[in-house]
Amino acid sequence: MPERKGNRSAGDLRELKITHKYLSHHPGSVLIEIGETILLCAASIEERVPSFLKNTGRGWLTAEYSMLPMSSRTRVPREAVSGKIGGRTHEIQRLIGRSLRAVTNLAAISERTVYIDCDVIQADGGTRTAAITGGFIALAHLFLEMKREGKLATIPLTDFVSAVSVGIVNGSLMLDLDYQEDSQAEVDMNFVMTGRGRFIEVQGTAENATFDRQQLSAMTDLAANGIENLIRYQREILGDAI
Amino acid sequence: MPERKGNRSAGDLRELKITHKYLSHHPGSVLIEIGETILLCAASIEERVPSFLKNTGRGWLTAEYSMLPMSSRTRVPREAVSGKIGGRTHEIQRLIGRSLRAVTNLAAISERTVYIDCDVIQADGGTRTAAITGGFIALAHLFLEMKREGKLATIPLTDFVSAVSVGIVNGSLMLDLDYQEDSQAEVDMNFVMTGRGRFIEVQGTAENATFDRQQLSAMTDLAANGIENLIRYQREILGDAI
Amino acid sequence: MPERKGNRSAGDLRELKITHKYLSHHPGSVLIEIGETILLCAASIEERVPSFLKNTGRGWLTAEYSMLPMSSRTRVPREAVSGKIGGRTHEIQRLIGRSLRAVTNLAAISERTVYIDCDVIQADGGTRTAAITGGFIALAHLFLEMKREGKLATIPLTDFVSAVSVGIVNGSLMLDLDYQEDSQAEVDMNFVMTGRGRFIEVQGTAENATFDRQQLSAMTDLAANGIENLIRYQREILGDAI
Amino acid sequence: MPERKGNRSAGDLRELKITHKYLSHHPGSVLIEIGETILLCAASIEERVPSFLKNTGRGWLTAEYSMLPMSSRTRVPREAVSGKIGGRTHEIQRLIGRSLRAVTNLAAISERTVYIDCDVIQADGGTRTAAITGGFIALAHLFLEMKREGKLATIPLTDFVSAVSVGIVNGSLMLDLDYQEDSQAEVDMNFVMTGRGRFIEVQGTAENATFDRQQLSAMTDLAANGIENLIRYQREILGDAI
Amino acid sequence: MPERKGNRSAGDLRELKITHKYLSHHPGSVLIEIGETILLCAASIEERVPSFLKNTGRGWLTAEYSMLPMSSRTRVPREAVSGKIGGRTHEIQRLIGRSLRAVTNLAAISERTVYIDCDVIQADGGTRTAAITGGFIALAHLFLEMKREGKLATIPLTDFVSAVSVGIVNGSLMLDLDYQEDSQAEVDMNFVMTGRGRFIEVQGTAENATFDRQQLSAMTDLAANGIENLIRYQREILGDAI
Amino acid sequence: MPERKGNRSAGDLRELKITHKYLSHHPGSVLIEIGETILLCAASIEERVPSFLKNTGRGWLTAEYSMLPMSSRTRVPREAVSGKIGGRTHEIQRLIGRSLRAVTNLAAISERTVYIDCDVIQADGGTRTAAITGGFIALAHLFLEMKREGKLATIPLTDFVSAVSVGIVNGSLMLDLDYQEDSQAEVDMNFVMTGRGRFIEVQGTAENATFDRQQLSAMTDLAANGIENLIRYQREILGDAI
C-alpha cells in the first residue's frame, strides 16, 4: 500500500473537527473540518414548499452545494458568473438532499422547506461526504433549536446519517481519500449509512479501471467501519437529544 | 412478490429490441426498445476536444440525454424553454459518459470528441440504463463504420458494456423495473457492468427506506445476471467484430 | 428541370405515411413521414392559459418545435445546452401555432392550453410544413379522444389544414422540396391552406435571387394542388368525424 | 371601407419623412418616420465575420430590431431584463437581414459584417417594414461614405429595397396599416420588393380569418404600388449614386 | 486649463434642451439634449409593486437605463443579445432610481410602481446625470398628468432634483464633462442635489490618479453651482405646479 | 447620540482581526474580521488578460464579491441559482476592483490578471469596505510571495489602501456602521483612501433624507481618521516590504 499522509492506515479516517454555531445568528450552522477539507454547513427553514407539495401537509428538504473559487488548488470560476450550475454540483446537491431526507420525517415539519447550505471553504477530497456528515449535524441543531423554541414538539429525525468515501489507489483499498489519493484512484465509492448501519446511498465509479465483486465487498466493509466511527462522533456531539 | 406485467419473474428482463441505423444518414444510430421504453441513441464524432485535452493526443467521449416532452405520461416541459438543464438530466448524462468512457480507448481516437445522443421517445422506466446499453451499440457501430472507412485501424473498445436497474418493491427484489414498479420502489439501484462481469458503476438510492448488506448483495446478484443477458444480446448484434 | 429523386415530377409530393398513436399513452400523437423527413407530432392539453387569457373563457394553442441533434446530416447542438432558443426555431413554432389556431375554435375549449410538440427525428427538407400537416392530425385525434371521453361536446375544429413547400431550383418550379433541392433553391415558399382551399399563411423568401409576379402565381398553383392532395389524405385518416 | 385616419384612401401610404445622419458620428444613420411610427436605423460595419464565413472572402449582413419600452401605448418590458429575445423580435430581425442581404453583394465587402440596428422609438404599425425601408437607406449611406473614404471601390448594392404592409380590415383591403387598423385586421401581409419590381419576401398571415386567391392577388397589387412609391422616394434621397 | 469645445469655461454647463411629450402617447416623456448627449426619458406607472412592498400601502420607483447600440462612437453590443445586464448598467439604473426616490413620496402613490426608462440615443458624456435631470422632468410631467386626470390629489414630489458631473482633466477642474474630456479625466465625480441645495448622491472615482481634500471641496463647489442652474431650468419648465 | 454596541464612540472602529494564509494552499488569502463581519479575501493570478488588453503589455485586476446564503440574518438566495448576478453585487465588485487598481502598477505585472475573491462568511455591516481593506492585504501577500518566488522583481503597489463607512443615524454621525446602525441610517457613505491620505473613491447616498455641505465635511473627517487607523494596522502586518 502506498504510504498515506499523516501515517494513516488504510481504514483510518482523517482527523475530524466540528465547530458548532460557527455563524453567530444561526444555531443550525457548523464548520466541519476533515483533515484539510473545510466546509460550512448551515441549516435553515422557510415557511413554504415546492408547488408539488402544496396542500399535502408535508415539508421538504433541499441542499445546495458550492465551492468557493479559491477552495481548490487552482481557482474554480464561480457558477454565478457563468450563470449555470454545473453537472457535478447538481449531482452532489441532489445526493446530499436525498441522504438527509431519508432520515427526516417530512410530515412532521408540515409545509416548510429546510435548506442545507454546504459551502466548501477548502477542498482536499471528500467534500460531498463531509457535506452529508456535517449537514446532518447542522440539521439536528436546527431542529433542537426549534424544539427549544416550541416550534417542534419532537425532533423529526428517524436516525443518524454519515457518509464516507472509499477508493482503490494503485490497487490498494483505502478509506476517506484526500485529494492526492482521490486524483490517483482507479475506483471511487461513496457510502451514506445510518446509525443502525443501513445503507441510504451506495455510489461506485470506475473511470480508468473496473472492479470485481470481491473488491466491492471489501470496500463496503471499510466504509461501514468508517461510518460507524463518524456516527459515534455525531452521537457524542448531539447526545441523546435525538 | 407483486405480480409483474407480462408475467415476468423477479429476475426477468423486459423484451429487448434494437433497430440498427434508424437514422438513414448515421451508421452509429440505433432505436432501442426495452418493454415500452424507447430511446434513440446516436453516436457521432467531431474533430475537436475540450480545452483540457488540447495537445494531449487524447480524445473525449461525452453523452447528452433528453426526454421528448410527451415521452412521459404527463407532458414534461422542454429544458430548452426554461434555458436550464436540470439536475436529473445532468446526473444521467454524466453517468452515460463515464460508463462508455470506461471501455473506450480515448488515446486511440486521438483528438476527437465522440457524442452519444440519447433521446427518450417513450419513458417506461429504466431510461438511463437503456441509454447506456443502446449507447454502447451505437458507439460500436460508429467505430465499425470508421474502421470500414479507414479512419480507425482497430476498434477502440476494450470491452462490452450494459446497464440494468434493480429495485426493492414492497419488500421484493426485482430486475429491470418499469415505470409502475419504479414509482413504488423503496430502493432503486443501477448497475453498469462489462462483458467480463466487472463493475463500472454501482448506484443505489433509498428515499423512503434503507437497505441492509444482505439486500445489497442480492440486488448485485440479480443485476449481474441481467447484464449477462444484455451483453449476450449485444454480442449477437455486434459479433466478433469488437 | 433537374431530375428529382424517385423520379418525382415538379408537382409531385413525396410519399406520405402517418402512424397514429405512436406513443402508447397519447392518443393525440402521430409519427409523420414525408419522404425521408420524419417528425413526431403530439398534441396535449393543460388546464391553464397564458395570463393574457385569464378570465376570458377562451383557450390557447401553442406549438413547440425542435430538431433532435442527429436529425440532420451534421450534428446540430441542442438548444437546451446553449440555453437559448434560436431564431429559426422561434419562427417555425410561431408559424405552426398560428396555422393551427386559425382552424381551432379557442372559445370552445374554454380556459385550457393545447400544446403541439413537433420533434424532428430525421430532417430531409420540409420539416415545418410536415409539422403543420402532422400537427393537425395529432390535434384532431386529441379532440376526438376528448369527445369520446365526454370532455368536449363537439370537435372544436372549423376546417382541415395542411402545409407544403414550393421552390425555384435552378429556374424550375418544384413542389415539396427535399433537403438537396432546398439547399440549392433560389426561392423558397411555404403555404398553409385549409380544406376549403383558403390561405392561412403564405411565406416566400428569396436569398440569392428574386422572383416576379408570374412565378409567384405559378408557385401558388403548385402549392394549392399539393395541399389538396395532403388534405385528401387527412380526410381519409380522420373521416367525417371532424 | 372604414374611414382611415387622415382621410387616407385604401392605397395611400402614410406620410414619410427621413432624417439623414440623425446620429452625428454615424453617416449610415437615419430617423425614419412613417405616420406616427418612428425608427432609428443605423448601419455599421465590423472587421470580422461569423465563423461559417471565415476564409471564404465573403462578408455578412445582420440586423437587430428592438422596441424601446415606451414606444408602445403600453410599456413593453425590455428583452435585456428577461435575458431572452422573444420570438417576434427574432422573426423580425431575420426578415430585415434576409431582405437587405438580397440586394447586397456580400462578396464585394470581403470578410466584414454589416450591422443594421433598427430601434423603434414610437410604434404605430408597420415597424418591420419601416425597418427595411429605412435600413436600406442607412445601408446605402454607409456604403456611400465608405466609397468616399476609399474603403470600397463601388457601392455593393444590386438594387433598391422597400417594404410595406397590406391587410384586410373588416373585409376591406388597405395599404400601410397603422396600429389601430392592424389590431383589427383579419389578414396581415408584408411585402418586400426591389426597385425592379421583383419580390424578395411575401408574408401573409391570417389568425382570425382566411383569404382566397383573388384577395391575395389584390393585396399584391396594392403592395406593389405602394412599394413603387417608397422606392421613388428612396431614389430621390439617394440619387444616382447607387 | 485645456481649451473646451464651444469655448466653455470650467464652470459652464453645455447647452440644454428639453422636448416635452416627445412620445405622442406618453405625457411623461421628454427628450433631453445636453450638448451632443441625447436621451429619451419616459415615466410610466403600473398597478403593482415588488413583493417586499405588498400590503404596505407604499409604492415604488425604479429606473432602467440602456444605450442604443449606435449611441456610442463604436457600436455597443445589445445587452438583450448577451442576455445579461452589465455591471455599469446596473450601477447607473440603481443610481437613477435612488436619486428620484429621494424626492418622491412613495406613500402618496399607494401600491403602484413608477418606471423611469432612460434610453441613450447619443452618448457624449454625462448620460447618467442627464438621465436623472431628464428623468425628474418626465416624472413630474407624469404626476401632473395624473393629477389632471384626478388620479392623484397632489403632486407627490418633495423637491426638485438635478445631477451633474465634475472632473479633473490634466489637473484642471471642469463641470459637465463631454466624452472627450471624460476619457482623459483623472478624477470623475457625479453629484445629485435637490432644489434646496442638499446632497442626495456624491460619487467620486479615481482610476489613474487620486485626489485630495482641497480638490474634493472645489469639485463640490463647481457641482453645486451647475446644479443650481439645472434646477433653475427645471423650474422654468415645470413652474409652480410642483 | 444613540448608544453603540460595545460602547463605541462615534469615531471608533470595530475590532479588527486578520488571519493570514487562511487557505493553506494560497499565500494571498486572508480572513478579515471587523466586529462580527467576516470575509475571506483571496488574491490569485492567471496568465491571460481581457481581450481589450491583449498585446498591450499591461495586466488587469478584477474583483468578485459574493455573500454566502447564510451570511445574513435571513437566508439570501444564491446568485448561481437565479443565474444572474444582481445589481448590488455588480456595484460592489466594480468598486473593489477600481479601488485596488488605483494603487496597482498594472504595467509591472505584464499580461496577467489578478483576481480578488471576496466571500462574505458573516455580514454585519461594512462588507464592501472590509473587502477592500482585506483585499489589499491579500493582494500584497500575493505579490510578496511572487517576489519571493522570483516572478516579480518589485512589489507592483504604489500605496496602501483601506476603506471605511460613515453614516448619519438618527442625526448623529458615526464611523464604521454595523448592520443595526446601517439599517437605520439616513445617509450612508463609503470612503476609500490611500496611505498618503488621498481619496480613491467617495460615495455618499441618501435614500430617506438628504445631507448638507457641513455634514459632508464632518463625515469626510471621520472617515479620514478611521482609514488612518486601518492603514496603520495594514502597515504593521505588511511592514516595510511594500
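To keep things simple, chains are lettered A, B, C, D, E and F as they appear, and every chain counts its residues starting from 1.
Criterion: a contact is a pair of C-beta atoms (placed from the backbone, for glycine too) under 8 Å apart; a residue touches a chain by one contact, two chains touch by 3 or more.
Values in this document were obtained by computation on a predicted structure and should not be read as measured data.
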Which chain's C-alpha centroid is most distant from that of chain B?
E
Max Cα-centre separation from chain C goes to chain F
From the options A-F, C-D or A-B, choose the one that repeats interface D-E, i.e. more than half of its residue-numbered contact pairs are shared.
A-F
Cα-centroid distance, chain A relative to chain D, in whole angstrom
59
Per the C-alpha means, the centres of chain B and chain C lie apart by a whole-Å value of 33
When the centre of a chain is set as the mean of its C-alpha atoms, what distance in Å lies between chain C and chain E?
51
Note: chain F residues in touch with at least two other chains are 83-84
Considering only which chains touch which, label the overall pattern as line, ring, star, complete or other.
ring
Round the ring, from chain A on through chain B, what is the full list of chains in order?
A, B, C, D, E, F
In their complex, what parts of chain B are in touch with chain C?
23-26, 29, 36, 40, 42, 44, 46, 64, 66, 68-71, 73, 75, 78-81, 83-85, 115, 117, 119, 121-122
Touching chain F in the complex: which residues of chain E?
84, 86-88, 90-91, 93-94, 98, 101-102, 189, 194, 196-208, 210-213, 216-217, 220, 224
